[in-house]
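Accompanying notes for the structure given below.
The chains carry the letters A, B and C, assigned in the order they are written, with residues numbered from 1 in each.
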Amino acid sequence: MSFSVTEPSRLQKSVAGALVVIYALVTIMPLAWIIATGFKSPNDAIAYPPKVVFEPTLEGYVNLFTTRTRMSPDALEEIGPPETWYDKIVRQYDMVISGPSRYGERFLNSVIIGFGSTFLSVFLGTLAAYAFSRFKVPLKDDLMFFILSTRMMPPIAVAIPIFLMFRQLGLSDTHLGMILLYTAVNLSLSVWLLKGFIDEIPVEYEEAALIDGYTRFQAFYKVVLPQATTGIASTAIFCLIFAWNEYAFAVLLTSGTAQTAPPFIPTIIGVGKDWPAVAAGTTLFLVPVMVFTILLRKHLLRGITFGAVRK
Amino acid sequence: MTDETTSRSPAVAPAGFARKYRGLSDRAVAWLFIGPSIFLLLAINIFPLIWTIRLSLTNYRANRTNADVDWVGLRNYERILTDPDIWNSMQATAHFLIWTLVLQVLIGFGLAYLINKKFKGNDLWTTIIVLPMMLSPAVVGNFWTFLYQPQIGLFNYVVAFLSGVDPSSFSMIGDVNLAPWAIVIVDTWMWTPFVMLICLAGLRSIPDSIYEAAECDRASRWRQFWTITVPMTLPFLMLAVLFRGIENFKMFDLVVQLTGGGPGSITELTSINLKREAFEKWRTGYASAYAVILFVTVFGLASIYVKALNKVKER
Amino acid sequence: MKSIGLASVAAASLAVAFSGSAKAEDLTLCWASWDPANALVELSKDFEAESGHSMSFEFVPWPNFADRMLNELNSGGKLCDLMIGDSQWIGGSAENGHYVKLNDFFDAEGIKMDDFIDATVTGYSEWPKNTPNYWALPAFGDVVGWTYRKDWFERPELQAEFKEKYGRDLGVPATFAELKDIAEFFQEREIDGNTVYGASIYTERGSEGITMGAMDVLYSFGFKYENPEKAYDMEGFVNGPGAVAGLEYYKELYECCTPPGSSNGYMSEGIDAFKSGQVALQMNFAFTWPGFESDANVGNGKTGYFVNPAGPDGEQFAQLGGQGISVVSYSDKQDAALEYIKWFAQPDVQAKWWEMGGFSCLKAVTLAPDFPQSQPYAQTFLDSMAIVKDFWAEPSYATLLQDTQKRFHDYVVAGNGTAQEALDGLVRDWTETFEDDGKL
């Protein structure tokens, strides 16, 4: 039947395929449900039995981005009828939009702190990885293990002295403080990954360059770096995903100014169980990561295991 | 130009005076490149660790900046090791750790095995399976509280649909017996793809020639599986277990959002307990001792495990 | 006409008073994110107009409020200029220097604490308790009370059935025993085609929910925090027979008469349960009451309110809620912040505050003759505020609270051990904390 002994039979393939598809569908259901909830009205969201078919509305998204106040019927009369589509949605509940919510700011903070720390950790990581890869650094293995072991501490444990340190230095609730912290945490990942990528770049190119009269620095810059761009890109994306999703440090070390989205999203629920708004906030926050996952799927394994597994 | 052989050790620049004429020496470059990273790591990881150890020997409270701080020696450690709450959270963590590892290994390996059959479109489905692990664990914990709600949640409804049980009769996160399983289920949902990816890499690394040789020797599929597939994937599996183990020992955000440590303290993992001591009760000295104990535990266990892993790799 | 006249005179005089202040500042006020906060945003527009300062607000929902704000205060953060902090934070904030002491300011501006309800001054402003040291202006009065479905209670067939079963009329319970009867009566009953349940009570583990709920009941059963004659002497008072009976009652009520899935509920879960018609009785803070009046499902006379019932020995207390407004000592804009407090303390501002849904603590407002009729819940609010008791406001309040949360949730919801063991354990926990503090 099959042409090679190791090639699975058609039957095996179909069965395997079916099982995997079933698992994929089951596993994507919670996620799909949350995305759908973002488009339901609050009553539909908490309906029982759970509504699979519903009338979509942007109420969740409107609530996500605005703060509203309830007004008495008289006050509402004075203000007059609602004008825009979002005013109309809010007016259904005798409420009026009183300003933007903090979600936009928090999302932006996630972007700033995420990209800032990613840039820094990839920059420093590339330099360090190059040095570890090419030079005879004393205690190299120990240093590499030390770098890896920094990931073994529970973040809460690390947060205790960092909290005190930041308080002393005035870095509490600042973008700079969080960027430095995330950079330090991501360094372990980026050094290990980039060393793996750089190890794979043949040494011959640099040696040729050196012999041609380039300095070490120039050899690094002109020869190695261009060849490492895919590795750098993969590393960058993994560092970004960590900084993007991080919660423990964010909830303990940030407040009004530098708070990122993960500590904020659970509080969107407000007093009255506004699940569509929470779902909307969650969905928007997932979008960048989902895009990256799809773009990045070939490099997934490397990144997640610190380059320990090669393709 | 020149015909360098590949047996040259990496990056040894030509010796002697020529080096100095090529800009910064290699040593300078090495230090320049490594320096900032090591500095940052020392500042944010090592210095705080030393500070934590020092704090653990005092009765400092971070919310009482005006109060006196006394040296108490090892008393915090003593109290921690005799505190039943601490042992309770160790138990909760152990239960979580063991069951998530078992489930993720079984399901992850199974999935990898099936995906390795290379059916049509497996790229697409693999990407879909991988999505959950890229999300923020805190946000995942939060939306799973919605899914687990007894009367309006999807989870209860699906279970009711499949088994006929009344959906409002059980509450995954409200029942003392079910809550530990609730957190295991969510973590498994999130991280099985991770184990799957590693196992897949392992399966793909087994050369076809070995299977072909086994076929020639007329070994059955079953036998091939147990004598070739499993042993050769074992190092990868152990690596996955190492990473997941370390992560789940530190687990905080997912569980704190999902159950808050409750009901009672049945799902209060060590990190959650630590957070309560340090940032709600503000017993900083006590919490520091706790943190040191946790770090030593995970470091010790990981070191032993890595030694075992290296042995398996060498086989 | 008269009120408009007064308002313009007030505005004019305020404008004159404020014309002396320096530059226009942007003040940030931190509070919990709930309906009263939205009302305060509206109210503060008057302050902005009169003083020229602009107000920003940082609101955090209750379950995260204490964590986030205490963290903020402990890190010396400058986010908040004004803080409407929970009543129990007073001890810690006073002793650790988070709040500005307001005695001199009150004296200079003629703000008298006698003008405010006594219980609120003690509860929200004073530290140490019962001494004239003020760290906050009472801003929002709150207390735990109960709502009930008056429309269900008025149904003749239910009244008849209840009378037959219990030998008395279906009405507002005077004791906790009566309350349990009513809750059992409604548990899993079919009303209008839906299954309803008896009562919604506080069971939240994370912040303070189950403590507030259980204490609300325990006080009336004879629970005391300490020996009235000897501070911090807790044995026999925290874990006396009355307290044990009270905690057992709370557990029985949780198990017999609450909706499924109420293992971690606090204020918003209670609101939901009541508004969606799931329960006949609801334990909740008074701030929730205005929201019910305007609700489509339970408004317009369907909701009734009653004071916390009495315990078996006739003692009757209610758990104090509410907050005072303070100036954060790390703020750079303390002068402007104090202006806000001065503005807020005025009688007509307080009167407007009550109208907008804020529970004013000013005697002039609450003891006005037309107050009880101003809202259906006003009388219940007054009666409840007369019988309040509060949790520890010590500097280590957070530790004491977490100990209580754990012990109560472990017993009531998770079903571990007995009530006696839980309370004995609590005495041990609290003793350890007070010893650490040097108070014992």
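Note that contacts are C-beta pairs under 8 Å (C-beta built on N, C-alpha and C of every residue); 3 or more make two chains touch, one makes a residue touch a chain.
Quick caveat: nothing in here was measured; it's all calculated off a predicted structure.
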| item | value |
| --- | --- |
| Shortest walk length in steps over touching chains, subunit A through to subunit B | 1 |
| Pair exhibiting more inter-chain C-beta contacts, A-C or B-C | B-C |
| Subunit A and subunit B: spacing of chain centres that average the CA atoms, whole Å | 17 |
| Cα-centroid distance, subunit B relative to subunit C, in whole angstrom | 42 |
| Touching two or more other chains - residue numbers and ranges from subunit B | 62, 151, 279 |
| Residues within subunit A bordering two or more other chains | 163, 251-252, 266 |
| Subunit C residues counted as touching two or more neighbouring chains | 67, 71 |
| Subunit A partner contacts - residues on subunit C that touch it in the complex | 28, 33-35, 38-39, 41-42, 58, 60-62, 64, 67-68, 71-72, 75-77, 79-80, 267-269, 271-272, 294 |
| Contact footprint of subunit A on subunit B as seen in their complex | 1-2, 4, 6, 8, 10-11, 13-14, 22-27, 29-30, 32-34, 36-38, 40-41, 43-45, 47-49, 51-52, 55, 62, 111, 114-115, 117-123, 125-139, 142-144, 146-147, 151-154, 157, 189, 194, 197-198, 200-202, 208, 211-212, 215, 236, 239-240, 243, 246, 249-250, 252-253, 257, 270-271, 274-275, 278-279, 284, 287-288, 290-292, 294-295, 298-299, 302 |
| Subunit B-facing residues of subunit C, complex | 67, 70-71, 73-74, 92, 95-97, 205-206, 259-264, 395-396, 398-399, 402, 406, 409-410, 413-416, 436 |
| In the complex with subunit C, residue positions of subunit A that touch it | 67-70, 94, 98, 163, 166-167, 172-173, 251-252, 255-257, 266-267, 269-273 |
| Contact set on subunit B toward subunit C in their complex | 59, 62-66, 85, 149-151, 168-169, 171, 173-176, 260-266, 276, 279-283 |
